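Chains here go by letter, A, B, C and D, matching the order in which they are written, and residues are numbered from 1 within each.
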Amino acid sequence: MSNRIFILGDRAVYAAFIIIVLALPLLVDDVFWLNRIAKYLVFGMLGLAIALSWGYAGILNLGQGLFFGLGAYMIAMSLKLQSYTSLQQGSDKPIPDFMLWNAEPGAPTDLCCITPGSWLWIPFQAQWFGMAMAVVVPVVFALIIGSTIFRLRVSGVYVAIITLALVLLARLLFIDLQPVTNGFNGLTDLGWLTIAGIEFDPFMVATYYIIAVSVCVVLLLSRWLISTRAGLILQSTRDDPNRSRYLGYDVASYQVFFFTVSAGIAGFAGMLFVIVSEFATPTYFDIAFSISMVVWAAVGGRSSLIGAALGAILINTIEASVSESEMFQQAWRLIIGIVFVLVVLYMPRGLAGLARDVLARVVALSQRTGGKDSQSSHTAAE
Amino acid sequence: MKAALTIEGLEVDFGGFKAVDSMTTVIDDGELRVILGPNGAGKTTLMDLISGKTAATGGKVHLFGRDITNRPEHEIARAGVGRKFQIPSVFRDLSVLQNLEVAVSHEPRVFRNLRLGMSRADRKRIDEVIDLTGLGAVLDTLAGDLSHGQMQWLELGMLITQQSKVILLDEPTAGMTQGETSKTADIILRLKGTHTILVVEHDMAFVRKIAEKVTVMHLGKLLAEGPMQTIEADPAVRDAYLGSGGLH
Amino acid sequence: MSNNRRNFLKQTAAYGATAALGPGLWASAARAESEIDVGVLFSLTGGLSIVEQSLADATLMAIDEINAAGGVMGKKLNPIVEDGASDARTFNERASKLVLRDRVPTVFGCYTSASRKAVLPIFERRNNMLFYPTYYEGFECSKNVVYTGAVPNQQLSNYIPWIINTLGKKKFFIVGSNYIYPREMAKVSKILIEQNGGEWVADEYLELGHSEWGAMVSRIKSSGCDVVLSNVVGDSVIAFYREFRNQGLTHDQLPICATVTSEIEIAAMGAEVAAGSFTSFPYFQAIDTTANNDFVERYRRFVDDSSAVTQHALECSYFQVYLWKQAVEKAGEVTPDAIREGIKGQTFDAPNGKVTVDGENLHTFLTPRIAQWGGDGQGEIIDEYPEPIKPLPYVAYGETDGDLFCSAAGLDSSRL
Amino acid sequence: MFEVLFIGLSLTSVLLLIALGLSITYGAMGVINMAHGELVMIGAYTAVLAGIHLGFNIFLSLPLAFVVAALVGLLIERVVIRRLYGRIIDTLLATWGVAIILQQLIRLEFGLTFFGISIEGLGPGLQNMRVPTFMMEPFDLMGLSIQPYRTFILCVTILLTALTWYLVYRTAIGVQVRAIMRNPQMAAACGIDVRRVSALTFAYGSGLAGVAGVLLAGFRTVMPDMGATVVVDGFLVVVVGGVGSLLGTILSSALLGQINGIVSVFSNDIIARAVVFGVVIAIILWRPRGLFSFKSR
């Protein structure tokens, strides 16, 4: 009985989310806010990716920024080559401006050899290549990292520390490899995404829809993924990996699969973020950013995909709003710190858990007044 | 009769200490075998060796003629060995029904499992197991919220759902009330014939209720093997048990 | 960039949604009020807020003064302050808010090159104006940025000859934080060192924010150099100078000649550690003129801190608002295009002396100065160019006074 | 060669200083304290404030910082960590929140900023602690140039390590701590007041962070977010060394310190950092429980 209500409630939340996200341009007549919301929707995707690996697989990835950053850089390379200034650097083929900067005197003005490693950019002259790599590269890296970690049965906090060290390493390399990455300044001054001759201005309603539809699709796909048998088996490996092994499942392959899916989503999110914000920087590899994603997911509800996504969107929207009042600017981080400690202490299942408990209370109350026995409030159908 | 599990000269060496030493026994298909032995006799280690939790340093384990020695746990499980632990091991954050669904593991690969729902045959088998274990009333309860006995039955039910040909049970009645013990015995007896079952157990009343053939281990070695009555009369067995008060 | 604009116009025509942002609409109805909104965008939180807060304060002080004196064309300036939070991502977002939602005609802001690079596309695509008050590496030629800080030639062209000829030091150890500004400064330095008959023995970099200098300083010690040219930025500067002292090096024998170490870093490291070292900047708090003493006094009163220090970027943050005011008054209207035209050739008597915006590259004429730091945390100005020198953002690529790569027509890319 | 080793040695001592407290709180209590860096920061600020307002020099600041950081640690244990024992990932998350709170409290001068009050030595700016001049002048000893401040850090580190070893392995409370490390339930059953001992242990680990803060203040910049980079280094050391192993922590800081020192002398600091991260990842993959470890809670 109560189970049905939870499933219905769950569906209602998804439906409401999708309807609101898709109808938003009709309500918000301000392209600036649309662009802002598009960015937060991308963060919502990141929260969702964390929930997928952390909530459902028990894998806390403190280096998710690695995959986000890789995705961002891949598309940014393509868009950089499309920018007007890249065509202006004294060659008939596009050359990113910073490469001239880093070029050795006398180096030919060509992507092949202007700086050491600049040849890596050659295929990115095709935009579709950058778009594809934005997902492929994070996925390949995640496959390699994931299979190493999980085949060796590294688990729990050690996964967190390895991923943390990895993202630090990536940050170091991206800053140091200036001839290829433009170092600390990152890739800026990008062209706009162009599909079928249409340029997608980040502040255009159409661009908003690219993001909005992507987020909805990823959300639904992830939801489908966790409700498949594979999703169920994954959750079993989180609870008791040994039991799963004795049932005949190769636990590592499930962990690698979902770790990789989560990384792929993060890479995709990185790509979308570049499309709406027009730049990629090594700060995507900052530890603070990766931990922020975990914070969003924890506040929203680590074991609810939509909860984690809403957590990310909510926190960022509030943050943007309070930053407009001088007094709050300083206090905001303090508040976020306090809220976060409280959530971990008293609301480990986050806002989604809270909503569920409230619904359970309501159900129990209505059943009691209806003269029936109140049932167990828990359900695992997420 | 066909042999389900053949153990040949199995041994494991923990840095000089042989917890299991040249152990040899054959368990027939459909047989219910009870393993007895005083504490430290190597019973649980034997199960660890069969199920792949611990790597053997010598000897072989064959399952229906196939060598499964030192394979990874999940491969041994896929080959048809199911195991129940002493401390109940179920997925505590999943509901009872979900636990049973996970146990339908004839298709272990990730990509083959990217589908919703399950086949009618699997559904039917789960229903049968629910009947057998009497968990029908608590299907939506989280496994972690079950009583101790229910948890044990659920684990047992998962092994049956898993369609293991050989089921290893490590003290299935530990910590159970008498009523629960007797229900467990009923479940095990109903499995006899269709499954090969290997039970480690201390509760002699329970053993007498279910046992046909008994293997006694002592200091990692095989001490005696045979029908319950013969074993109980065996003086060597009595000697081995003297330290722990004899068979009771 | 003009091509970008054309693209943009085409875009706006094609997609009605963005039409409201078209450049022609700046002077629309809402602007007819008695106030002019301007954006102020610095990091008020995070690691860089230490410096950037003071730049925001100087900007606000100039706005206050202008308002007290009657505003611009009879209208008061209304600063809209946003926090970049020491994070390029946030800078980008806040800049788009100022440009697209608040529709300010100009933003005063940004300190690091990374933050400028992150906001630049917004100003170029939306044809808005950024007034950027920081010394930077050059190699930029934007129609949408007025650069009021020094470019490498304004910090180095008298510095390197002075080190070699006056200080008599010939073997340079070049050390910097690992990003573009220090690397570009090193490039220009090397050219100048070789032109003046010196040599460089090493060119080394450390991560930004790195605070473990043991290995680097010991490498300096054993390198056989007789002067250290430091392009180290931010809080690592402090760790660097301290380690330098801890390893027993003194500025008498092996001076650190810095391009970025300002009054703020000196105060933070403890003046005794830096005493005797040198820095080159167009502005120092110690410039002993009535104009500057007044300015320091007013600034201290404004931030209510009697020991507050001023430095180069802070002074630029201040005077660029006045340059902007003059530009608006000359143009007679408050639109980005009018301001760009109006700013060309504007001259102002800043605390450091006369500053002029170059009509071609929108960079600013400044007077290079060299100071030696004393035990009181103040620089003593020991060398000063007789007049402001022309900003050459492409000097590393052979740009000279008479041969500009970046002009009002845009960048002549064939020269690169 | 001596120079190279000395650089590695001083890197080692700094790493060990930071990791020592973490090794206690993480090893003994299973708490991943992301606010450890902020406790270091509080130690540094204690020295700065005591220098400005009380005229304390570094020697007086050391014990004061120990006490202040220990008290802050005790407060954190009481309010937050006590509720999270056994939930290791949650301790990581909650203490991350605590770290933000501590940073903001320093930036906002404990909220006084809102009332227009300002305390010298606090706030978002950069601060420094004065080091006595005699500790800044190197002297020659048998032809080797000795840096007094680095040597001082080294000595304090050795002293604190010895003290910690003594406390853990040679005192009654140390026995209790080790008992709790291995099995808290059993320890409680044996009549050990687990809560009290845990609180004291955490306070001690925090105090060590405070001392580290004072020593770091002598050659690093004191600022509100100085702890952020510190804590990651500390964790890598502890995890590589093996959770709960004092010897492991010492050896792994020596290993990572020397690798960092040697690589940075022979190539550069950036590659040195990268190599250290690489080694750490490899060691965790090879031996997830660290170089030296036993099963803990």
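By definition in this document, a residue touches a chain if its C-beta (ideal position, glycine included) is under 8 Å from a C-beta of that chain, and two chains touch if they have at least 3 such contacts.
What you are looking at is a predicted structure, and each value in this text was computed from that prediction instead of being measured.
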Reaching chain B from chain A through chains that touch each other, fewest steps: 1
Farthest chain (mean CA position) relative to chain C: B
Cα-centroid distance, chain A relative to chain D, in whole angstrom: 33
Where chain B and chain D are represented by their mean Cα positions, the distance between them in whole Å: 49
Centre distance in Å when chain C and chain D are each reduced to the mean of their C-alpha atoms: 37
Whole-Å gap between the CA centroids of chain B and chain C: 75
Per-residue overlap in chain C, given as positions that touch at least 2 other chains: 45, 178, 207
Per-residue multi-chain contacts in chain D, two or more chains: 107, 270, 273
Touching two or more other chains - residue numbers and ranges from chain B: none
Pairs of chains in contact (touch as defined earlier), listed by label: A-B, A-C, A-D, C-D
Complex contacts: residues of chain B adjacent to chain A: 51, 53, 72-75, 77-78, 82-83, 89-95, 98-99, 101-103, 105, 108-111, 113-116, 118, 140-142, 145, 158, 162
List of chain D residues in touch with chain A within their complex: 32, 80, 83-84, 88-90, 92-94, 96-101, 103-105, 107-108, 113-114, 228, 232, 235-236, 239, 270, 273-274, 277-278, 280-281, 284-285, 288
Chain A-touching residues of chain C, taken from the complex the two chains share: 1, 3-4, 7, 11, 15, 17-18, 20-21, 44-45, 81-83, 85, 87-89, 92-94, 96-97, 100-101, 113-114, 117-118, 120-122, 124-125, 139, 178-180, 183-184, 207-208, 411, 413-416
Chain B partner contacts - residues on chain A that touch it in the complex: 3, 224-225, 227-230, 232-233, 235-236, 238-240, 242-251, 253-254, 257, 376, 378-380
Complex contacts: residues of chain C adjacent to chain D: 45-47, 49-50, 53, 178, 204-207, 209-216, 218-219, 222, 235-236, 238-239, 242-243, 245-248, 264-265, 267-270, 272, 305
